[in-house]
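Letters are used for the chains, namely A, B and C, taken in the order the chains are written, and counting of residues starts over at 1 for each.
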Amino acid sequence: MQIELQNINKHFGAVHANKDISLTFPEGRIVGILGENGAGKSTLMKILSGYQPASSGNILIDGQKVDYTGPLAAIANGIGMLQQDPLDVGAFTVLENFVFGREPASLIDRWFHNKSSAREQLHSITANFGFKLDPEMLISELSIAQRQQLEIVRLLAQNVQTLILDEPTTGISADQKELLFSILREMANDGMTILLVSHKLEDVIALCDQVAVLRTGAIVGEREMPATKAELVTLMFGEDLPTPQRQHKNLDRQAIVLELDNLSASSGRLQMHDIHLSVRAGEVIGLAGLDGSGQDLLMRTIAGLHPVEQGRRVFNNTDVTNKTYHYLYDRGVVYCAAGRIEEGLIAGLTLTEHVALTQGTGMRIDWQRARTSTTDKIENYDVRGQHNDTIEQLSGGNQQRVLMSLIEQHPKLMLLEQPTRGLDVDSASGIWEKLLERCANGSVLIFSSPELDEILTYSDRILVCYAGETYLVDDPSTITSTQLGHMIGGEFQR
Amino acid sequence: MTIRDFSIRLGLTLIPIILSILATAGLILLLGGDPISVYSTLYESAFQDQTTVARVLNVWIPLTLVSIGLVVTFTAGLWNIGVEGQMVMGAVFASWGALFLDLPPILLIPINLVLATIGGLLWGVLVGILKTRLGVHEIFGGVALNAIANNIAIFLIAGPWEPPEGGSAQSTAPFPENALLPTFSVDFPVPTVLLVITIVGLVIVGFLLYFTRWGLELKAVGKNARSALLLGVRTERVSLMALALGGAFAGLAGAHRVLHFYASLRPLVSGGIGFLGLLLVLLVGFRIIWMPFVGFVLAGLLAGSTRLQALQRIRPELVGDSSLVGVLQGLLVLMILYFNGIRERWFARDKARKANIHE
Amino acid sequence: MNDALINTLNSIIASATPLIIASLGETITERAGVINLSLNGSILLSAMAGFAVATVTSSLWLGILIAMLIGAVIAFLVAFGSLTLKQDQVAIGFVLTLLTADLAQFLGTDFQNIEGPVAREITIPLLSDIPILGGIFFEHDAFVYFSFVLLAVVWIFMFRSRAGLSLRAVGERPEAAFSRGVNVTTQQYLYTIIGGALVGLAGAAYSLGVKAGWQATPAMNGDGWIALAIVIFGGWHPARVVFGAYLFAILRSLVSIIQRDPNIDIPVVLLNNLPWILMIVTLALVSGGVIDRLLQMLPLHWQRRLRGILRSNPPEALGQVFNNQK
């Protein structure tokens, strides 16, 4: 089937997220929808897949105007979307999740889902693709890649003809990516239309037949593939971007700030044993790994937010194994979670109140100082917001910038989960500039990121996590992004 | 704010009040009473003269005391339903002092007030420990501790503290004169000490909440405890302190009940004032500035209901008792909450419409 | 087994029944992601109204129906306030629990301490002849039999039916439910109201069953809170919820046995604390993760089998209001 978008517009309040977008997706093609974070690609795809209504414009399928409300209706029209964070229910089993929301096949099935026939169908499709999905596993026990696989299987079982994938390669390993891409190619050969939403040029180059590029809500270019990375960059940004160069630092003479000695910790099924790591002032350690492989657990354990089961945690030559987060916080340890507004910022408090909360001690609040300092942060971190705006009034990117701006100027140790989540390239490099500035002054940075390139670019050393096991890469310049992709899939032997 | 916006806001505040008064009137009619005389009796028995105002103040004092504590706990995001039990424990501790310490008033009164504060505080901290250490939600911890506190009081009244002449399990022996709180005057029997403490408490807690780091930390914990923790706030300590303070004020309220109002310890000594405090704080939307004024109206209703009940024997058209006032108060809060929602919806839609026109 | 013991067990089954019905109702509501905190008052008002209507009309059925209707209306008020008007769910529930308790007291004055209709005991033929078990389980009023059936129905509905999938998904991850074509808000209204109707029925099961009649200080006051705690203790699983309700009933019956024993001298009022202490202890056990740790110790195979029953996490989206515009 061929899909045509005509003059799609979408407004969120004052924000014009999609500006008069017209595009055609021919049958059997893999189309890349390329653009930075916040360029409007996800919004456009949500409109196409029925998750959000367009403010104006038409969708035509094979020349016929369609008018649907809701994702189910889009699926009935043959359009299905795989969200970046798959929309499944953690407490369901694979089988329950597979059946949930599908048209019943028979009268009994209408009331009581027919387990055996669903199981057979699930088995036949998964076997076909070489996926391994145990129907009785809980969704919450699956990896992101497995949850993606299940969503694809589910959508295919509902006869979806056009499959939209939103950033599907974020958080999966190189092997999982190869498997995914080969299946997508196979499906396109069978006549399906695949729309790949991504900001990663290499993915688009590897997979797509054609691309459409969005910038600030509008289409700024369309072309047939193949194209070189440079050509795509020019389309995306209108200019070449200088790639940030990593400087080799000699840290041997710096003091050791953090030392993990035989450290063990566990959370649920995830167990980490005998971790050794010593970090010198000014060093940047990148934690690479699939979602839930231990990066977060490790950072929380270092921060004192999760108990150490065995071994020692030494900070500034003091054994702090049994100390709390507050003890460490008072001595210059900062931890920022990836959840932003849920974990890190406080909805309902203004920017100034956030600054006042993190500055100074004692009962009295120096509001004058807090306001001045807020002004500085707004300017330095390019926050689009006012002093008295409450934090939830800000966009996600601005919230992230506020969170980063709240980190004190000379921390000893920064533990940051996904410090540039949801930021476009410009803002991300702005944040990195500020972080590296602190490192140059002797702060240690330990961070995680699902973007392997970010890890390779900024880390002095990389700690790869896989199912709780760790592997230390001493010199990131010796490995490529693909090699790292294999390593996070558990292949430590290069 | 335009005149139109203002009148809409005013309307959406007045309508729920009128509606709840009308609905309660309907209930009175249903039971064959006369709403007009019920309401006028309520009004007269509250605001007629000095004596009735004193009666209202004697409800207002404990009500405001518990509410001061509740504003603190609500700001910290805690549903301190245990406030009733904290009042009872305050009353029990004060009663012990009143019954067993034989001291001159100048010593006994402060000691008893401190005892009451400690009783309430301990019971409040217990809720906090159950929550922070054992993960028992403060609503359940509170409900259980309320029941336990009342059982303890009943046990004491019927057992160890039974009046020498043999008790009916209705109360302890009346407290000696030197244990009772001195009042303003005979015509205006309001305990001066507690009136002063209440007003000072209002001012101090209001100041702490709005102008100090502690207030900001409470607010941060209340809105998002996890984030507050990561931003360096000692959340457990803040929660415990909020509950301790809430309990302390509730304990003082309990002291008023036993050292002045009843002059003895009785079962269910709190008289539902703790729960009324929760309603009051919801009603004023956690804004301490409105609390004393709105609290005065609620206190008037409760004080009036006692009189209503007393008059019923001679005037049968006056149906209802404290439960009638409870219904009126409950309806009022429910309606206010509903109309808050209606107002928010209204202005959100209004804003959206204007935004559309703007484009 | 002697007759006294059989009688005791029989009365435990009977006295647990209203708790079972109310907490199963609340389980349904909370599984859909809504907390109806009004249980305590809701039970009182529906108990009073059910008794009053049954007394006036001499129709037990009409009384039961009115009780359920009142429970449903209160639940609707919670749903409307929180889902449509976006006000604090806990606040609305709390205000309603006070309001309805006062309303019950106010309107129930004329019905205090009078004789009224009581549900008849129905002995189930054949089943009641089974030795021991027959006497314990099959000589009860209709409320008790209904509670047996209700457990089975709720269990099958929740875990075996299509609609049950939607119900659970709405409480766990509303966005996912929405993406599968479920109207989240409608479902939440539906299950809040159904849960409320069951709470109302529980009220009738008191005033027309085990604690027949209506008093100035109603005997069932406080049980609504216990029912709410049982839902948590039961890990939102119907079978464990019912187990929890029986546990409380057993404890209460022990209390009354100790009370009657002349050799044990513990004041009654202090014994009355036991259910509340048990409530706190059980909640601490569940929240402290003891059950989760026990689960981890089992072999994987058993973990899977018992997962539904042993888990103690609340529905992920409990108490959050779904807004599709995000």
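Some observations on this one:
Simple rule for what comes next: a contact is a pair of C-beta atoms (placed from the backbone, for glycine too) under 8 Å apart; a residue touches a chain by one contact, two chains touch by 3 or more.
If you're wondering where the values come from, they're calculated on a predicted model, not measured in any experiment.
Greatest Cα centroid separation from chain A: this falls to B. Nearest to the overall CA centre, using the mean of each chain's CA atoms, is chain C. For the pair chain B and chain C, the distance between C-alpha centroids works out to 29 Å. Between chain A and chain C, the centres computed from C-alpha atoms are 42 Å apart. As a whole-number value, the distance joining the C-alpha centres of chain A and chain B reads 48 Å.
Along chain B, no residue makes contact with two or more other chains. Of all residues in chain C, those touching chain B in their complex are 37, 77, 80-81, 84-88, 90-92, 94-96, 98-99, 101-103, 105-107, 109-110, 222, 225, 228-229, 232, 267, 269-270, 272-273, 276-277, 279-280, 283-284, 287-288. Considering their complex, residues 27, 30-31, 79, 81, 130, 134-137, 139-141, 143-145, 147-148, 151-152, 154-155, 158-159, 275, 278-279, 282, 320-321, 323-324, 326-327, 330-331, 333-334, 337-338, 340-342, 344-345 of chain B touch chain C.
Those residues of chain C lying in contact with chain A across their complex are 160-163, 165-166, 168-169, 172-173, 175-182, 304, 307, 311, 313, 315-316. Residues 211-214, 216-217, 219-220, 223-224, 226-234, 355, 359 of chain B are the ones that touch chain A when the two sit in their complex. For chain A in complex with chain B, the residues that touch the partner chain are 11, 13-14, 325-326, 329-330, 335-337, 341-349, 353-354, 356-358, 360-365, 406.
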